[in-house]
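One structure below.
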């Protein structure tokens, strides 16, 4: 038995029936000659989603974390220096991963709620005359704080000092939700997953690697087998994987791409923005504050919301689940207990979003939060009804 | 592509994933010896839902209307008199059906919004000294007006004059939503369908026939083949149907019965009542009126709601669908344009109900109805949050 | 738990995954304005399958037997005479149905294993100077005997005496398996179902009615409500059904039509013929006889096969099921115990057919039939391998 | 569109409908408190399948190769020596993996078609007085050659010299197909996957680690993050994964375990053996040779079969796919062109197996192989029919 309420975690997302059906396929032979006809179009189409003409698309049967590990181990060698800013749990985890693989990680600590510090990067890189720094690692959408970062700005910072560092971007929770421009922003390694904007099950890590990143694989000394880029590309070229491929997710990804392209990527982004804005209107009506420091940092995938002093956001999330069987995200890391998160990515309609807002209102009232029932809902309703004409698209 | 918003029509209902899975079975042989093991428990368990020890359960691959036709043609003969009260579209349709099959239909006209008129029935039957009236036909839950009728009261009216008329009850939109007591209420023919309280697809008409009703089949002269009770019972007894059975629905029905019994029928009724009460709180907060004349007539399956003078309820329903992709029921018959309906039966949670209430509020505001956004939602939230402890059960 | 072996009953058929997925849809609103966009194309496309330009397509949520009842009750009146030849269980059932609805049924008895007796029809109709006979009823594919009849020949017989009788054809187990030409053959009422050539679940009866048949509905006095043609057509015209439609089957039918048209109807027929021929080669290798008297009568949907004297075909079918979990058809009516049936319609490949042939061989050997293991299989293999180039089409 | 024929590759396997349904679940919250109730029983039940009381079960969202990498990197350090015998493609791949991760791999070359060389292991380990060898790596079922190895024998070889080396076993294509006894055989690391004996989609690597193996993780210096045992165990202990879990596969695994335990593991093994024996009877009837050198080496998961001299097994496999849409396995590595493989693991019935045998016979005849149609089929039929009483169990 499972409850049929939508979920409001920042991924995996609610999945459209059509994509569930696409993944629910019987086993077929991944070594058959026509498997190529399924695999190649997926790889080609994924490039469009990253907005890259020249990137190599590399998919692994793994979660997004596997994509991070693959990016690092295929392009870097133990002892090499990388530069990372820590402004949330996911940038934190990336730091940990690099350290475990023997990299020399230089961390710029930032306040949570801020984004990638382009200026600090610029300054640090300008001082790195020897080009000891081999890569700059950035989380595009920090899922822990609901902050979107300006990747073009980071690229500008790198270019300002003509620094040759690779630019790694974690776009797990932004790709296919918010605009991403690999070529224009000069991203060298972009990492995504199947379970967020693509609205599929967990199990496919997706890496896009620039030509420069691919060149780096030649000399990279970090050991790797399962996550080896070149093994994968060699096998893909003749229609397979180096091991058993995630067949059902490949079918699902093709269906997801057809769905997204059918809607139009700009419409997909507009839809995410509209749903997110409604949630933010509700937050404002409650008088609460987002973790994200300023509107340019607001994520359209997830909102992290501070609860008033004296309240425990973990209890709120627990209560919403126990009493109403609706899942929201807890505060992660230093936000544990202080903030909760509303995921609003992937399959979600204005109508579904309202049910989430209404539910958390009930949960807050149950716990004596200083909110009026219906207040946040009304703010979101007002926004949704005024904007439905322009952007309300049928989803899935 | 289809929108993933819940629907708020008074059936077919939103279906739980588990029941969809149960119906999604590959073909198997309906003449195999073990088909019996699937069919017989379904028939036995259905008796419990009707609360009858002795009724015969007869299922047809048809919609509920087919069950009505079967009830009439198997127990009555052309020219025989039946007594029906018309208080909504579904009682109206039953009158039409009887007339087409050559019955002499005596109609008691009632105001829409009222229920079965036990007193008028009593009076009429007392005067029928010759017992010309062979059957009294009652709609338990009038889906057009959201009115539940007192079947025990009707039985009392029949018994008061010791009249031998059969009692036919349409419980299509009440069975497995609200209490139904076939034996206690002395119902002779009860007609239901798969697509309402059972949360399945349309395609199985379910008739429960008392011993008295079965005796009436011996002399009934209305022609019938597809809908013949005795052909069906004879075939069922040896493990089959007289023609190809609705195999997937039989699997689905067994899963539905397991789900309902797992929750407990009393909990099922309490859940329907709670969801319905929240909707009615919202209606009250808007200052609107239900079609049902008094609280004892309120249906827990569907609410029919008058819109204010000067507004067209059909336009409201259309607009909610076009702008927000959410379906509500239009007003039927004489309520067309004057009322809309919110179905709240089958798979529906408090959270899903709130999304429906929020949506219709937006639609009303768009059309300049005199409502405040969030008002109805807040009333429902307040009711749901105060009642969740006692009755919130996980569904499906 | 269910066994995953294919079934070899003459319908319902094995269903392709793609059609199961198409039917596995969540409830949507059948009164929504865009339901029309689903319903109308289905009705239009079905005309192509019947090869008719002018027929009305009428679909009921019922099994094929419901389609028969609808055909009879919508076009005839009690007491009217119809002419039927009995040459199998399904023509027999049609006779019974007509009698129950008060028709005067004149039966031409034919040996089982023969088809529709065009000459006897011609003779009888020529003698019916008063045109008392209102309809001639023919079973296109007699599922009990595996006999296909020459409908054009029957039409010739009717036309020879310029007789105005309507021509009713049961094409339940032939449509979308073997060629059917409603207009060319002058068929007035053709009855089919969802669970045979369309490879869907049971639950949609499909009737195609000629203009002449539609005119007959004006005067037909047989009572009907659920199965009323004109109620259905009136409701369809404004995008609905007179009651709850079989939504999932409508989605399934659209997918089935797309699948069939994608393959091409002539290829569909050729595929059925090829599969059937392989089965018949196996039968010949065993030295057994088909019930069908001559090759022109061989059905490409089902083969009815006499077992040798002294053997009980019912036991064979039981044993195949109990020992190997594979379902075949028993002999019906006067063929009970004497013949078994292999259904080879709908979703079936040469490879799947071989598994059925191999299984029944094992079952026969177990029961000491005079067959050599592998013999029938080899004959079918030989036929399939020699013919695969021309007609092997990917199915579903 | 996809063909509905069964596949005969050595995994992924045909999947039962019930397991496909179990995996087709909507997203739920993997951080919800009740996720624990799903995860823990899976981990506990998996121990039973490995026949271990004390092993830690560690599951990754990855394919089996990921499980190998995890085993190596969590328990060994760069430069350490491991001992491996190469007797097929999968042992070969394991050697490659170890080398990439900086291990010193000592390879014992064996003829393909033989199994793990217990005596050579014994000899080598006896000479390793310094205990430089840290691990012995064995492929339980070599999928390339259809050879099963005697793991108890290898353990005996290790114990004979009281050598402390860890014993790693790849049981990807044997677990839940053939008997496996982790504790009794003294296995330290056993690696399996979801897509073979468990009949699920690819995407879950399953590792069972002995207490000794877990101790080795404390000192192991190979870098790892995604595949870190202790991260996973720590997260599992509080009801989660260190990253997004493969939710649908977890549901699927629970259903698979219920299915396997319901049948009884010994019955599962007996079923695999019976299906395999039938295939081997067919091979004998064709006069062909298995790659496996002797009956004690015959795998019940897959048979690798030499084609006669002068024939190209790759062309045979291609032709079977192109002409009949049935997939078999090609010969891998040095068997390319010389042998083909019939996978007979997971969901497969005798009836399905016969269709595969019949198909490859047709394909061979098409390519002028010296075989008689029906010959191999007859041999398998004879075996299956004589053995059905004892072991024919309903599957899935």
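To keep things simple, chains are lettered A, B, C and D as they appear, and every chain counts its residues starting from 1.
The definition used in the following text is that contacts are C-beta pairs under 8 Å (C-beta built on N, C-alpha and C of every residue); 3 or more make two chains touch, one makes a residue touch a chain.
All figures in this text were calculated on a predicted structure; none of them were measured in a lab.
A.B. asks: Using the touch rule from the top, work out which pair, A-D or A-C, shares more C-beta pairs.
C.D. replies: It is A-D, judged by the count of C-beta pairs in contact.
A.B. asks: Tell me which chain's centre, taken as the mean of its C-alpha atoms, is farthest from chain B.
C.D. replies: D
A.B. asks: Let me have the rounded angstrom distance from the C-alpha centre of chain A over to the C-alpha centre of chain C, please.
C.D. replies: Result: the chain centres lie 53 Å from each other.
A.B. asks: Could you work out how far the Cα centre of chain A sits from that of chain D, in whole Å?
C.D. replies: Averaging C-alpha atoms per chain gives centres 35 Å apart.
A.B. asks: Would you mind listing the residues of chain B that make contact with two or more other chains?
C.D. replies: Chain B, residues with two or more chain partners: 2-4, 14, 17, 24-26.
A.B. asks: Give every residue of chain D touching chain C within the complex, in rising order.
C.D. replies: 1-5, 14, 16-18, 259, 262, 323-326, 347, 349-352, 354-355, 358-359, 361-362, 365-366, 372-375, 377-379, 381-382, 384-385, 388-389, 392, 394-396
A.B. asks: Would you pull the chain D residues touching chain B in the complex into a rising list?
C.D. replies: 17, 21, 24-26
A.B. asks: Please give the residue numbers of chain C that touch chain B in the complex, ascending.
C.D. replies: Listed in rising order, the residues of chain C that touch chain B are 2-4, 7, 9, 11-15, 20, 23-33, 60-66, 69, 78, 96-97, 100-102, 193, 195, 201-203, 222-228, 242-249, 318, 321-322, 327, 329-330.
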